[in-house]
Amino acid sequence: MSVLVDADTRVLVQGITGHQGTVHTRQMQLFGTKVVAGATPGKGGATVEGVPVFDSVERAVRATSANASVIFVPAPFAKDALVEAVDAGIPLAVVVTEHIPFHDMLSMYHYARLRGARIIGPNCPGIAAPGKAKVGIIPNVVFHPGRVGVVSRSGTLTYEIVSGIKEHGLGQSTCIGLGGDPVVGTNFVDALSLFEEDPDTDVVVMVGEIGGTAEEEGADYIRAHFTKPVVAYVAGRSAPPGKRMGHAGAIIARGRGTAASKLAALEGAGAKVASFPYEIPGLVAERLQELTNR
Amino acid sequence: MSVLVDADTRVLVQGITGHQGTVHTRQMQLFGTKVVAGATPGKGGATVEGVPVFDSVERAVRATSANASVIFVPAPFAKDALVEAVDAGIPLAVVVTEHIPFHDMLSMYHYARLRGARIIGPNCPGIAAPGKAKVGIIPNVVFHPGRVGVVSRSGTLTYEIVSGIKEHGLGQSTCIGLGGDPVVGTNFVDALSLFEEDPDTDVVVMVGEIGGTAEEEGADYIRAHFTKPVVAYVAGRSAPPGKRMGHAGAIIARGRGTAASKLAALEGAGAKVASFPYEIPGLVAERLQELTNR
Amino acid sequence: MVKLAEWRGKEVFRKYAVPLPRGAVARSPAEARSLVDSAAVPTPCVVKAQVLAGGRGKGGAVRFADTAAQAEEATRAILGMEFKGEKVKEVLLEEKLPIARELYVSLTLDRSLRLPILMVSAQGGVEIESVAEGGLVKIPVHPFIGLAGYERRQAVSALGLSGAAAKSLDRLLSSLWRLFDEEDAELVEINPLAVVGDSLVALDAKVIIEDDASFRHPEYAEVRDDRTPLEEIAREKDIAFVQLDGNIGVIANGAGLTMATLDVLQQSGGRPGVFLDLGGTDDPKKVTEAFLLMAMAKPKAVFLNIFGGVTRCDTVANGLVAAMSQVPEGERFPLVARIRGNNEAEGTQILERAGVASLKGLKESVEKVVALANAGAPLAGPA
Amino acid sequence: MVKLAEWRGKEVFRKYAVPLPRGAVARSPAEARSLVDSAAVPTPCVVKAQVLAGGRGKGGAVRFADTAAQAEEATRAILGMEFKGEKVKEVLLEEKLPIARELYVSLTLDRSLRLPILMVSAQGGVEIESVAEGGLVKIPVHPFIGLAGYERRQAVSALGLSGAAAKSLDRLLSSLWRLFDEEDAELVEINPLAVVGDSLVALDAKVIIEDDASFRHPEYAEVRDDRTPLEEIAREKDIAFVQLDGNIGVIANGAGLTMATLDVLQQSGGRPGVFLDLGGTDDPKKVTEAFLLMAMAKPKAVFLNIFGGVTRCDTVANGLVAAMSQVPEGERFPLVARIRGNNEAEGTQILERAGVASLKGLKESVEKVVALANAGAPLAGPA
C-alpha cells in the first residue's frame, strides 16, 4: 500500500501543453504512472507524449476517468484550474504552481474541503510512491521502493534526503512534498495521519523549515496519536528573522516560526532530530533496526 | 426515537428578547423542550421566561452546551445570526425568519454544509417531536405522540393536517416544517431519508405546494429508496402561473412547479395522493392498517 | 418581484458595462422625434413599447423607423396601445444594428441545486421555453467562487464563439455575474444577445430584483411593476394578496392553507377571486386592513379560514368585527368563517356576537361559500 | 512583501474611509513649514520619520511642534537622521489629537487555521509582541463570509467600547476587512488606534501587500521597500536573494536546500553572507545572472550546491562557466561546487573543463569552503 496515490491513480495534467507540463508528463510516465489525460483550454484534440488533451477538465474526466490532477498553470489562473478540477469531481489535486496569492489559496482550500477534495501544495513537488505512481515533479532517480515515508515542506532538500536514503540501501513507501507556501492544502498533521494508517510505512522522515507552526502541530500530533518512529530535520537554523528565505512560507515573523522552537517541539514529542541532512539515512536505519529488534 | 431532535436537545433561542422569541420560548417550554439559553447582542445577563440570555452564541454554548438553535432575528441580520450559530459549533439551526434574501440563504446553506451543520428553513415553523422537544413555532395543541412522520413546506396547513391526524386518534413521531422559501436548508429528500432511518416512524405525510421541483425529487427518492408508505398532498392546484402565492417559493415559473406535475410524480412513485386536506387522516389510517395486516 | 422594464434594466446593464445599442426613452411622439433629430438616437432605429409582458414583436409593440418623422409616428402608434392589459407609457428608441446571430444568456436561481445557474443558448431571439432541452446549456455557479473562468469558457464554447467575440462574451458574463450578485437579482436575461461584427450587444434586458433584498436596494423602491392597484396597496401593507379571475375571496393565514382553501373552493365548483394570506399576525389592525382590502376587490362572497398557531383566533375575530362596520353599505358581502386553533373559543364567541357563525368543517364551509357566491346573494352585509 | 510606509498606508486607508488625523507629507523643512503655514496641517502637530522600522518614538524619529517654525526645525532634524540603517527621506506631519485611549487592531493570516485573523487589544501603542497572551483577542474570519457582524461585536466587546465609539469601530473594522481582502494584504495593522472623543482615529498605519498578488495590483509597483540594493536587483530578476552578515555566499536550488546549506555552513564554523536560491530553472542565462549578482555581494568564498531535479546539472554548469569569465578581475572569489542529480555527469565534466572540481559530499564541501573563507584566500578567480 501507499498513501494518497497507488497503481490505480489516473493522472490528469492541467497545463500539459506548457513546457513544464510536457516535461513532467514524460517523467511521470517513465516513473510508471498512468497519465491518462491533459487539459489546456483551446488545445482539445492535441496529443502530448501520447496523452490526449482536452479543452476542459470535465471532458477529460468523462473520457478518461482521471482521479488525480497535477496543476502546472501559471499563478494568476491556478485558482480557476483548481476549481475546475474540483467541480469535475477530481478528489486529489497536486498544485505545483508557485507564487499563488495566499488569498486565492484560502478560497481554494476551503472550496476543495466543501467539495470533499484534497489539495497537495501549492508550490510543491507533489507525491510519489515508488513502483506505483508519481503525481508531481520529484525526480525519478532518487526513489527506491521501501518502507520509509517522507513528508517535507522542501523540494530539492527532499530530493537530497530521499536520495541519501536510497544510497543507504533503503527505500520509500510514499514521499509527499507539502509545498513551501504559508497556506498549504495538506500539512504535517494530515500527512502523518495518513502514514499512521498505512501498513506499508514503518518510519517517517519529516523535513520542516522555518515559518509558521506546522512542525509544532505535527509534534503535538506525534505525541498524542502517532505510533511510528519519526526522524526529523528542520532547515533554517541560521536564517535571520523577518526575511523570506526563498519560500513564501519560510519566514520568522513576530518571533514565531524559528527553527529552535520546531526542533524543541519535535524532540519533545520523541522524534529523532538530525542536526545535518546527511545524518538522516543513518537515523532512519537505526529506527528500522529497533523495530526489527522488538 | 425521533428525527433531528429528541429529549436531549438543548435549545438556544437567537433573538429571545424580541416579541416572537419570548412568546415561543414559553411555548417550547410548555411543550417540554429544554430551552437552555437565549442570545441577543447587548442583552447578556438578562433572563427571559427563566432562560439566561447571553451576548453571543459562543458564550451561550460555552455556558449551556446548547446543541440546537432557533433563529427569530429579523431578515437583514439572519445570515449573521446563522453564521454565528454555526461558528459556535451548533449542529442544527431552525430559521423561522421570513423574507431572507435567497442570495443570503445560498451562502448560509453552503457555509453550514462546509461547517457540518444542518439548517431547517428559513421561513419555516420548525421541528417538533411530541413528548420530546420542539424547536420552532408549531402550535403545541395539534400534537400527539405517535408513529406518523410529517414533512411539509407549509405552516398553518400543516397545523390543520397534524391536528386532523390527532383528531383521528393517531399521533406523530416528528413533524418537520421545511419552510416556504425557494432555497431551504433541508428538503423533502433530506427529510425522507431521515424518516427512512427512524424506527419509530411507520408512515410519512408529505405536504407540498407549487413552485420548484422538490416534490418531484422527493418522488424520485421514494421510488428509488423509500420503503415506508407515503400520503401526499400538494397545495396550489388552482394557482395561476407567474404569481407568488404567499410563500417566496410558491410560484409557477416558466412552466415549472405546477401542482399537476408534482401530483403526477408522487402518484407515479406510489404515494397515496389526497385530493382534499381532510382526506389525509383517513388515508394515513388505511396505510397503518395495511402495515398491521401484513 | 421587482421586474424592471427594458429601459430600466438597461440602465443597470450600463452600470456594469454590458454593451448596449445607443438609444433613449421617449414618453411622447414629439420627444421621440427630437431624439432622432438631435442624433441622440441614430437611424435606422427601433421603437419598442416599454411593457413587462413578452411577445412584443408579434404584438405590434415593436416598430422600425428610418427618419425622425417615422420615429414620431411609430411612437404615437405604440403609446396609444394597451399591450396585454398594460398601458404603454414609454417607448425605447434604439439604433438598429446589423445582427449576425442572436444568442440567449441568463442568470437565475436553481432551487434544486441551491446554486445560481448560468443558461446560454445559441438559439436566441425566441421564447427560451420553446428551445429544445439540448439547445440550452446550464452551468451552475458557486457563490463562494463566482462565475469561474472555466465556466465562462464553457459558455463561449457552447455558443460557438471565438476570437474577439469570445473575449466580448467572457467580459459580458463577468459583468452579468457581478450584476446578479451585487444587485440581488432573481433573474438577469438577455434575449436576444446579438453578435454584431465581432462583439456582443444586449438587444433586450430582463432584470428582476428580489423583493426581499429591498432593504439593501432603496434605488428600486420606485420601480413600477405588473401588480394590480390592489396588489400594490397590499404590498405596501405587507399582505400577501393575489387577484384571480373568480368571484370568491379567501382570507386565510399561511400560504399553504390559503392555497389549499382556494383549491378546495375550485374543486367544489367555486371560482376563487382573491388570495389573501394574512401571514402570522397578532395585530387586529392588520386583520382590519386585510378585510377592507378584500372589500375593495368586490367579491361575491368571502371565506375566512384561520388556523390559529402564531395568530390567535380572538385577534382575528376582533379585527374582523372592527372592519365589518367600516365597509361601505354598497360593498358588503356574504361571509363564511372558520376559525380554529389558538383561542378558538374566544374567537368564535366574538364572531357570534357580531352575527357571524363559525363553521367547523372545511368541506361544509366551502360548500356554503360556493352556494352564496353562485346564488348572487344580495350584497347587504355579512351573512 | 510590499511594505508600505505609514503615509502610503494611510493613502490606502483613506480609500477605504478609515478615519485619519489631518496631515500631509513633507520632503524638506521648508515644505513642512508651508504645510503648517497654509493650515494644511493644524497645530499642535506631530512630525514622524517615514521609515519601515518600528520604535520610532523612542528613537527620536517622532517630534512635536506647536508652530510652523518648530515643524520646520523638527523636520530638519528628522530628515538628517539615519534610522536603523534607513535614510529618512520623508516626514508625515499630522495634527495632534486629544487621545482618550490607545487600542490595537490588525488583520493578518493565521497559517494554522488557514484563515485570516482579526486581532484586537485594549493595550495599543506598544509593541504588540509585548502584550501578554490574554491581552490580545484573536478572531478568525472566514473568507466565504467576510468579517461577520457578530465578529465585529466580539471585537467591540473585547475593547470595552459602547455607543458611538462602538459604531465607529464597527465601521472601521468593515473597512479594514475590505482593504485586507481587496488589496491582497498580508498585514493591516493600526497601532495605536486612538479613541478621540467618541470616535476612532488611526494614528499609525502598517500595510503589507502580498508580493505574489502584484499581478492584480500594479499600483504598488513603485513602492520602495526595506530591501538592500542587491536584493532589489534580485527581485527584478526573480531570484530569491537575501543578504546576511557573513562572508560566504551560497548558491543552491530550492529554498529548503539553500537554507540547509547555510545551516551546515554555520554549524561548521562558517559565516553565511548570501542566500541565493536559483529555484527551478533550465535557463543557463539565469544561472549566469545569479552568479554575477553573487559577485556583486563580494563574498570571500562561494559554495554552489545543486541538486538537479527540474534543474539540470549541465544547465547550471554552462551558466556558471559563462559567468566566470564575466566577473571583473578584482571581484573574483574561490568557488566550491557540488552538483548532483539530473545530468550530473555532464555538469561535472563541464565544470572540470573550466577548472572547477565538483565534490560529492556535503560535509567535505562545506569544510572546504569554510577553510577558504577563513583563510582569506586571494580573490583571484574560482579556486
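Just so it is clear, A, B, C and D label the chains in written order, and each chain counts residues from 1 on its own.
In this section, contacts are C-beta pairs under 8 Å (C-beta built on N, C-alpha and C of every residue); 3 or more make two chains touch, one makes a residue touch a chain.
Because the structure is predicted, anything quoted here is derived from the model rather than measured.
Asker: Just tell me the minimum hop count from chain B to chain D, counting one hop per pair of touching chains.
Answerer: Graph distance in the chain contact network comes out at 1.
Asker: When I count C-beta pairs in contact, which pair ends up with more: A-D or A-C?
Answerer: Of the two interfaces, A-D and A-C, more C-beta pairs touch across A-D.
Asker: If you average the CA atoms of chain A and of chain D, how many Å lie between those two points?
Answerer: 28
Asker: Using mean CA coordinates as chain centres, what's the chain A-chain B distance in Å?
Answerer: The separation of the two C-alpha centroids amounts to 45 Å.
Asker: Quick one: report the Å distance separating chain C from chain D, using the average Cα coordinate of each chain.
Answerer: Computed value for the inter-centroid distance: 56 Å.
Asker: Which parts of chain D, given as residue numbers and ranges, touch two or more other chains?
Answerer: 142, 144 - these are the residues of chain D that touch more than one other chain.
Asker: Do you know which chain B residues sit against two or more other chains?
Answerer: 107, 110, 114
Asker: State the interface residues of chain A toward chain C in the complex, per the touch definition above.
Answerer: It comes out as residues 41, 55-58, 77, 80-81, 83-84, 87, 107, 110-111, 114.
Asker: List the residues on chain A that touch chain B in their complex, please.
Answerer: Answer in residue numbers: 110, 113-114.
Asker: List the residues on chain B that touch chain C in their complex, please.
Answerer: Its residues touching chain C are 20, 75-76, 98-103, 106-107, 109-110, 125, 137-139, 141-142, 152-160, 163, 180, 182-183, 207, 209-214, 217, 233, 235-240, 243-250, 254-255, 259, 275-278.
Asker: Per the contact definition, I'd like the list of chain D residues that touch chain B in the complex.
Answerer: 142, 144-145, 148-150, 153-154, 157
Asker: Chain B touches which residues of chain C in the complex?
Answerer: 1, 109, 111-112, 114-116, 128-129, 142-144, 181, 184, 186, 210-213, 215-216, 240, 242, 244, 252-260, 262-267, 272, 275, 277, 279-280, 307-310, 340-342, 361-363
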